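Next come the structures, one after another.
You will see chain A twice below: alongside chain B first, and alongside chain C after that.
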Partner chain A sequence: MIQTLNRRFSVYSALFAMIPKMFMAYQLWFWAGMVMNIISITILYFFWDAIYANSAAISGLTREQTINYILLAFFFMPLVGNDLLWEFGSNLREGLMIHHLLRPVNFQMMNYAQQLGGLVTRMAFQLPIIVLAVFLFDLKFPSDLNTWVAFLISALLGFTAMFFFSWVLACMTFYTTEIWGLGVLIEGITIFFSGSLVPLAMMPEWLRTIVLSVPFAQALAVPVGLLSGITPLSDAPRIWLIQLVWIAGMGVLSNLVFHFAVRKITVQGG
Partner chain B sequence: MARYIDLYWLFLIQRLKTLMEYRISFILGAASTISMQAASIAAVWVVMQKVPSLSGWSYNEVLMVYGFVTLTKSINHMFADNLWTLGRVYIRTGGFDRFLVRPIDPLFHLLADRFCQDGVGNFIVGLALVIKTSVELGIEWTFLKVLMFVVAVISGGFIFIALNLITAVSAFWVVDSVPVTRLIFDNHLFAQYPLTIYPRAISILLTWVIPYGFASFYPASYLLGREVGNVAWGAPFIAAFLMFIGYRFWQFGLRYYSGTGS
Partner chain C sequence: MSVIEVNELSKVFQVPKKEPGLVGAVKGLFRPRYEDKQAVNQLNFQVEAGEIVGYIGVNGAGKSTTIKMLTGILMPSGGTVRVLGRDPHRQRVENAREIGVVFGQRTQLWWDLALIESLNLIAKIYDVPPARYKTALEQFTETLELGDLLNVPVRNMSLGQKMRSELAAALIHQPKVVYLDEPTIGLDLIVKERIRDFIKMECGSKGMTVMLTTHDLGDIEELCQRVIIIDGGHVIYDGPIETIKKRFGKFREITFETVEKAKPLDLPEGAETLLAEERKVQIRFDRTVSTASQVASAVMNQIEVKDFSLSEPDLADIVKQIYNGALDMEAK
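The block that comes next holds the complex of A and B.
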């Protein structure tokens, strides 16, 4: 009698404990994410602080300008990192590609809308760490409304150009059917070529030429350059124009590549 | 002990056979992590072309620190990657119970179950960086320095493994231990650069609390003949201590474990 009661109690208490456990799992992820971000920006700050220990300016950039640029680039990383590749990958694996293609909506536009939604969500989740950086590392935002408008336009254009380019890269999964390795490879390239680690001004001429001949920087270094005040506001119209050219070029290329690559789909059991 | 070495060998061969079935995945996996390292190294290179000293450390010296942490991290990545997946892959699915009924140590079984090829890329990059920088800096490889290198890499690897083990045990309570592990693991990023660039509190943290400093900064300081270098000989003791704590905590967690009922 006592034993059965005991056993029942242990079963139900385990079920009882399940809900707080599940709740805690989400909480843990949130706090782990916060700590990870704090570690990253702390390293960035002190690395650049040490670099500027004996120099007032490097390649024309002051300590404040560079740190501000680097921190802003860190927060706006979602601009350059969409998860189109993983999206394509999971569609391939689950055999869903054909369903998407048969739908009466444009497949590319559908993905664009989703990635844009992802961008807004991810930026919203960056907010707590941005607030923290303002207090801890004296991060400064421009007070001038025009700079913000110029930045937002440039950010949206750059994001769009990068979306089309990612589309081209994502089509590679049709050939490789391998996603993880390809994804990490592209992530490494993105981190450097977007200008998230070093301001473009500090790069040697030849390297900057290479970086600017691929679209990564359009989505991060270019808009953040405007927001951090490194790029003068008067350059904005010229920058938008260049970004529009990128969008046009990448838009055409992405459709062309998809057109050919889609015939290569080897669906895994779908 | 000999039995466990034989067993590990068998597990490894089995695993390699599986991996070789997907050759492209294997190579891409091993190579992919290199791109992340290349990005960071390229950034340090660009900056240090402009400013040759990072609080008294030259480009090659900074790279040596970076190389050490990459190398020691890769040991953990290759041989103990399953500590990350304990909760998700083994506990949640009930697969962990399999380990408990077998006549070998469950922790050994967990680790031996999956050699992770993705660490190979980091191992090669780390080793290449330490060798490259030691040649460029004209370091003479005396017996003591070779000994330090071997001791540091093994101890550093075990420091990574021990800290991941301690945090992974939380899987017995919260199932998904990855966020808990990340909380501690990510601190190794501090150890990519000489600890002297940080405020004192951070270098104390990385030496005495989450001692990743022993996996990079201190052994590099020793090879470079810097003042704090001799601290590096503490690494094996710290690693052994952490492994002891980790194993005891693991056993404690095992007693609590009752399965997820799946």
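The block that comes next holds the complex of A and C.
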């Protein structure tokens, strides 16, 4: 039992470790992303600075709280933005899905390990920008260890829920074969619904209800709320519980949807 | 027990049926109609341990469909498949551990990464013990001449280099059963030769069971003792390659280039016209019945000949004739 677990772990950690190497394959992409990010945070900072020019607080949030939240949400965007959809799309178009399905490992776990690798890599690439923001825009991180732990647990749970949800969306590519439109649409929805543009507290009640009834915010607004101090630490257990429910629901749904979608290949021959 | 057992195996695909015109297209949106396409029809064959079997047929004959069902990726519509005693579709993961696959037209390597990274990962996925992996890697590096390629990203490789890498990736875990779907497609003669040598040596020495599909009859002649020929989803021949060669080997073909326009000719017994074009006549004769000189003089008496050549039929022609029912005629 232990041995099997050990072996599984070594397979999935090897898959995990492939991702940073793949990212490094395109150095230009890395530098271009860096420049884009610097421009983005500068715009975000001055945009929210201007909004607070005439008011001390909006929806109960001070200027410092909001800017801190917005910057943190920007850095932790990788939590919500996995590229499962593109992955499925290109695999299906190039007929590579067959090879993945023929590996003697669980296909979903294999993808989870790789998306987790993608998350860690993307976060590592954000580090220089984070340092820059600390100096330029007075970005603040909590010093309290408990807040960090609460955040990390919630981030991992939210990321996992979002992974399963993306899996359901990615299964659509089995039917559409075209992914560009779907991908761009979902990216747009993700940016808004994850709470990366506007803090949830500033949304009208009805909109917040909608946002909280889809899983995007679970992976970003919810954990970043804890980290930025907008959400009190005492809420953490309740948040984790809700996220676990999301994971359970989306986990079951994703397997169900995949079971039918994969028949495109296993029954109809792809 | 045979390694591969295929019983009454069938596969029916549903293909959307499009009606012509705008009305048809609109109808198709609301109520798509499907047509059944029988890709594989009641196939039967067994493959024993250590055999290298050539699996051939024209495009669309059902070769790849069969291979996909043998790997477990495709669910049969009828009949059964057993590979090493397992149902490959139901027990896909267990089966996957024992097999190696090369699909000549798609890659299993990580495109952006150096070859060695892909091989390391594959060895992990298939639980190859480090010591055995090291030995296998050294050996493959030598026999497939991968030395300069190990640190090259796959996207920068030529087709021949890629195919050598694919073979290494498919066999590094020493599978018991290997499916090679057109492993020499698009390669030049030298690379083909090297790849055939490698397959012969590697699969032969380890006693692997190999199913090889190809359009290149050189592959078959070099590697296989047995061929299975399918057409329209049916097995039309299953037996030693020698039988085919012998049965069709008694025929010869003469091609005449004529000065005047070709016309119907009286030929000696055992000879028949295969092709009569504007200024070209191709005749096949049974050399146990007539001789080349009898055929040639008969033709030359009737028509002015500019040039002629004599040839033995190659395997490609033989297969073409089987498709056209030549073996049925022989049997009668």
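In this section, the second predicted complex is superposed on the first by the 233 of 270 C-alpha atoms of A that agree within 3 Å, B and C clash if a C-alpha of one lies under 4 Å from a C-alpha of the other, contacts with A are read in each partner's own complex, and residues count from 1 in each chain.
As a working rule, a residue touches a chain if its C-beta (ideal position, glycine included) is under 8 Å from a C-beta of that chain, and two chains touch if they have at least 3 such contacts.
Keep in mind that this is a model prediction, so the values were computed, not measured.
Novice: Contact-wise, after the overlay, does A:104 reach chain B, chain C, both or neither (first, second, both, neither)?
Specialist: So A:104 only meets chain C here.
Novice: When the two structures are overlaid on chain A, which partner does A:96 contact: first (chain B), second (chain C), both, or neither?
Specialist: It touches chain C, and chain B stays clear.
Novice: After superposition on the shared chain, which partner residues are touched by A:178: those of chain B (first), chain C (second), both, or neither?
Specialist: first
Novice: Of chain B and chain C, which one touches more of chain A's residues?
Specialist: More residues of chain A are touched by B.
Novice: Looking at the overlay, what does A:3 touch: chain B (first), chain C (second), both, or neither?
Specialist: So A:3 meets neither chain B nor chain C here.
Novice: Tell me the contact category for A:21 with respect to chain B and chain C: first, second, both or neither.
Specialist: In the superposition, A:21 touches chain B and chain C alike.
Novice: I'd like to know which partner A:234 touches here: chain B for first, chain C for second, both or neither.
Specialist: neither
Novice: Touch test for A:265: chain B only (first), chain C only (second), both, or neither?
Specialist: second
Novice: What is the shared patch of chain A, the residues that chain B and chain C both contact?
Specialist: 14, 21, 25
Novice: Can you list the chain A residues touching chain C in their complex?
Specialist: Touching chain C from chain A are residues 7, 10-11, 14-15, 18, 21-22, 25-26, 94-96, 98-99, 101-106, 263, 265-269.
Novice: Which chain A residues qualify as touching chain B in the complex?
Specialist: 14, 21, 24-25, 28-29, 31-33, 35-36, 39-40, 42-43, 46-47, 49-55, 58-59, 176, 178, 180-189, 191-192, 197-198, 202-204, 207
Novice: For chain C, which residues are in contact with chain A within the complex?
Specialist: Spelled out, the residues of chain C in touch with chain A are 11, 13-14, 39, 65, 68, 71-75, 89, 92-94, 96-97, 99, 101, 103, 105-108, 110, 112-113, 117, 120-121, 124-127, 153.
Novice: Mind listing the chain B positions that touch chain A in their complex?
Specialist: Chain B reaches chain A through residues 24-25, 27-29, 31-40, 42-43, 46-47, 49-51, 53-55, 173-176, 179-180, 182-183, 186-187, 189-190, 192-193, 197-199, 202, 258, 261.
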